[in-house]
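Both complexes shown next keep chain A, but they swap its partner, so chain B is in the first and chain C is in the second.
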Partner chain A sequence: MPEVKNRQAVTGAQAVANAMRQINPDVVAAYPITPQTPIVEYFAQYVADGLADTEMIPVESEHSAMSAVVGAAASGARAMTATAANGLALMHEIVYIAASLRLPIVMPVANRALSGPINIHCDHSDAMAERDSGWIQLWAENAQEAYDFTLMAIKIGEHEDVRLPVMVNLDGFIISHGVEVVDFIDDEAAKKFVGKPIVKYPLLDLNNPVTYGPLDLYDYYFEHKRQQIEAMKHVKHVFKQVAKEFEKISGRKYDIIEKYKTDDAEYIMIALGSTAGTIKYTVDLLREEGHKVGLVKPWVFRPFPKEELQEILNGRKAVIVLDRAASFGAEAPLYEAVKSALYEAAVRPQIGSYVYGLGGRDIKVEDIRKAFEDAFEGNLIADEERYLGLRE
Partner chain B sequence: MALNIMQLATLFADKNPGITQGHRLCPGCAAPNVVKFALMIAKAKGFEPVVGLATGCLEVSTTIYPYSAWNVPYIHNAFENVAATISGVETAYRALARRGRLVDPDKKYAFFAFGGDGGTYDIGLQSLSGAIERGHKFIYIVYDNEGYMNTGNQRSGSTPPGSQTTTAPVGKKLSGKVQIKKNIVEIMAGHENVYVATVSTSEPMDFFKKIEKALEFDGPSFIAAFSPCVRFWRVGDDKAVDISKLAIETGYWPLYEVERGVYRITKRLKELKPVRQFIEAQGRFKPLLKKADADDIVNEIQEYVTSRWERLLALEEATKDKPIR
Partner chain C sequence: MPELKGWKEVPIGGIIDKPATAKEYKTGTWRVIRPVHQIENCIHCMMCWLYCPDQAIVIEIVDGKPKMKGYNYDYCKGCGLCANVCPKTNDKLPVDKRAIIMKPETEFQE
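After this line comes the complex of A and B, so read on.
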């Protein structure tokens, strides 16, 4: 395997696998599913070449992958796996258990349409199905962010005030397989940044035997859920703190949400993941034409950046929400959350919902422009779900 | 090396079997003894047990928060994944040992996974097979009570034909479950490097020896423990051992082991008692025995039991000195 230089053109999958190599977790469970597969393949090669000395568990299913990393993390190991779509859905039951047991597992998800019919390309239906599972969700726009977030996720999840698992979302194929230039941090600096695992109540401590996963009936369950709810509330300050530390070693600055040309913007678009890049390009074009437009991109989707959005969206003319997932019989998930945040805004903007890109359908500059133009014309109707790039 | 009587006596007097009193399993349930036998032998041989448990009677009855009947490290994850969970634990152990991060580096660990028959024969079969194929060093013990008891006596792949269950009940038209019990031991023995055995709490010395073997075996082990459910088998709560003995004497639950493909019967029977005796001793077959086709089903079970016993004898003969690998 060729040496990884500090600045290199790599796929997103390679970037994430390189972060994993630098983290050098104690245990990684691997199971293939397109478009996640290259992440665990690259990582397995690193291990085979002695560039990481992680114990790999080549499991027989994603359900067992998540089960095994739960066992490993409870034991006191730093444990990771990666997945997408149907794999994530197969894990679903254990995804909840990982969060409930407060295990800081980190899992990159190469977002892909959740069947059926079967489709291997990008949308966000897989991650959205897990949004209430108790995992922190970070969303990357490109390979650089996917790499950075994989490193940051370790520190966020393990933090004393949090102790929760973290999903690093990267758009399937678009990020996982697209080649981009990525700035890597030196191995030493990365290792120092993630530090030694912070372990709580390890199962393998024989002097203090613990019972993980007891039967928790009506007399305590609610209180335990409350603790999880509280832990999520700590994520934002921990994220900011970790982001600051990360900035010191990388020069790259992260926050709960990214604001792109929003200072004087009258029209703001909101989207997750790689499409934000295309939107930034479109914003630049529209700015040249004199339109006051901007983009808000949540880097953190769970916990939901409600206050941050309220603060920035209050008093704008219009908000256009782009969703790469549908919610059948209800509003699209990001739109629904943004709309709910706006309920408390002093001056509510107009709001519009656009679903796009299901099953990997391309999203074009013209599509984004069209949505902005609807807003310019005052032609946004709340709750009228519209579609970009769909053949009518 | 087998434990001698003195060691066993100390062991039982010591009364630290990993699972304590105060659990809420039904009085007379065989399951807690399955656990105690296994863990006590591990401790006697100098191992520190770490336990994984699948959802089921044993799990819900021993860990009602804020109480826990376990005084050894214990993890319950879900119903179908105890083998995968323990494979994560065992892998973490190896990683942490290698990296010098174990709290107790000088102790000998023994990894156990316990599951009911539902969690083993049915929903957990895939994760179990995967974990065995990967060769994790752990001992999987199914406490086989032949049904989903925690959820109220539904049929499992282990339920014998004609036994009354709620999802395959005996009724006017149907005679309950029609399929023969799945042969989990053969399925597990079909893996390449594994020690597999059947045990029963009514044969403690045999049970202990097999646990010792499993502890020493260089690879995964699978042990099927006959585990009467006094509640749903409709027998007295002092009857678990008697019923187990009948199961062995009739050949319904033969005691044997398969070590890397080599079969060995560990309790040789000169002749088999009729299976009918085992069936008639339990209330769960009562509805069947009232039906006109009862004899057909009893005969079917008898035929199966007899031919399986003969097959075991033949396998023992055929496989001796022919281990896989």
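After this line comes the complex of A and C, so read on.
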């Protein structure tokens, strides 16, 4: 395990901004939106202080931020931005274009509820609205993971077999503003890890002129979408490869999904983001009481870890899926995907859907315990959506 | 149209990796009406050449001056703009006095 030289108590936003400083991208175009604001503020400070020689473009909206970043990435620059909630929604059109043009942009997202009514707190509805946009989605549980994934995302997105943009999701306020201890990799090792940008089809290569974003009608559009589908299939092996490299410099081990006390678990809970921490704590409490419980946390949500979940969930007594987003008129996004993955499991567990924490509503140990207890009692109904922390 | 390629053969992201590929895109297949040049009425003013959106007007330089030679039907999509801007083509002129006449494409099918 490499020696920890630089351990600091920082906010998640600071941790992510520090990763951006170490990456030292060519271009960052961003517009401040709560709770992403401090990420860009810290980073702008680094640029102002000469600690990063990034071309910083303060734009008038997120639509412009993503547009500028797409232009920069197409030109051959390593380009980044960061956003949240309505900012991400305003980018929506260009979010698809970034993926469709195969530009390996990295964007931390401080997950927040989408309006309306207006709410600035943590919720996953912003990222879920982009889940089919063709971006890779990594989900961090804490500031450490947000920092680590920001570095790893560069290498995953730029990989020859992938060439896709990457969203690094960190829960708004909970991670972005909460102070935690983070082990930073030293600058040289981080810079060496991310390496020089791997550029493909740069617009500024005047000797090899290319056209970006031409009309692509029924004669080729379908073929280009098929290429994107293929690129997503390559993400898992590239992620594992990058994770292995990252482990060498950090001592921290990542995989497609994190398994917490799942070896002998009969009841497994699945959740994204910071709530996984609260679930781990609850799992420990329930284990002390003799319950065989565990947690599975997808680190990668797009591409969806279908095979990994099928393998680990097959034959368990029950699976409880927690979603911090609703899908109106359908099942909650994570639940829907997990349920679909289990269709072909040899021994299908009981399964239950719990929506929690919308708009920053607190999720407590008692709430998580309640969901587990429903499972212990055999009281899970696959087609019933339940709510944690909601007043009846 | 050039022969269509499969998804494994084309550059990613719809990127066009070399210049002037529009030449391979033959818009003439779209045509339903065809402009026909009646050279005996043409004053070679180059209005058609100037306005043609597909650069389908064929020109030859004779004694330093451009001469309208007709159409490259691979690219002429039959929009009729040339006939519309032609000073020697209008409703008052009898058909045999016009420099450009528009005819249904069906008349040319074998």
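Everything below uses one rule, namely that the second predicted complex is superposed on the first by the 387 of 392 C-alpha atoms of A that agree within 3 Å, B and C clash if a C-alpha of one lies under 4 Å from a C-alpha of the other, contacts with A are read in each partner's own complex, and residues count from 1 in each chain.
What we mean here is this: a contact is a pair of C-beta atoms (placed from the backbone, for glycine too) under 8 Å apart; a residue touches a chain by one contact, two chains touch by 3 or more.
Note that this is a predicted model, so its numbers are computed, not measured.
By the touch criterion defined above, A:E60 lies against chain B but remains apart from chain C after alignment on the C-alpha atoms of chain A. In the superposed model, A:V27 makes contact with chain B only, not with chain C.
In the superposition on chain A, A:D383 makes contact with neither chain B nor chain C. Once the two structures are overlaid, the count of chain A residues touched is higher for B than for its counterpart among chain B and chain C.
When the two complexes are overlaid on their common chain A, residue A:G76 makes contact with chain B while staying clear of chain C.
In the superposition on chain A, A:E245 contacts neither chain B nor chain C. Residue contacts after overlaying the shared chain place A:P209 against chain B and chain C alike.
In the superposition on chain A, A:E307 makes contact with neither chain B nor chain C.
By the touch criterion defined above, A:L217 reaches chain B but does not reach chain C. Residues 209-214, 216, 219-220 of chain A lie in contact with chain B in one complex and with chain C in the other. Put simply, chain A touches chain C in their complex at residues 100-103, 163, 200-201, 208-214, 216, 219-224, 226-227, 230-231. Taken together, the chain C residues at the contact with chain A in this complex read 1, 4-7, 10-19. Interface residues of chain A, counted against chain B in their complex, comprise 26-27, 29, 53-55, 57-61, 63-65, 67-77, 79, 93-94, 97, 197, 202-207, 209-217, 219-220.
Of all residues in chain B, only 48, 50, 52, 59-60, 63-66, 68, 70-78, 80-81, 83-89, 91-96, 98-99, 101-104, 107, 109, 126-127, 129-131, 133-134 touch chain A in the complex they form.
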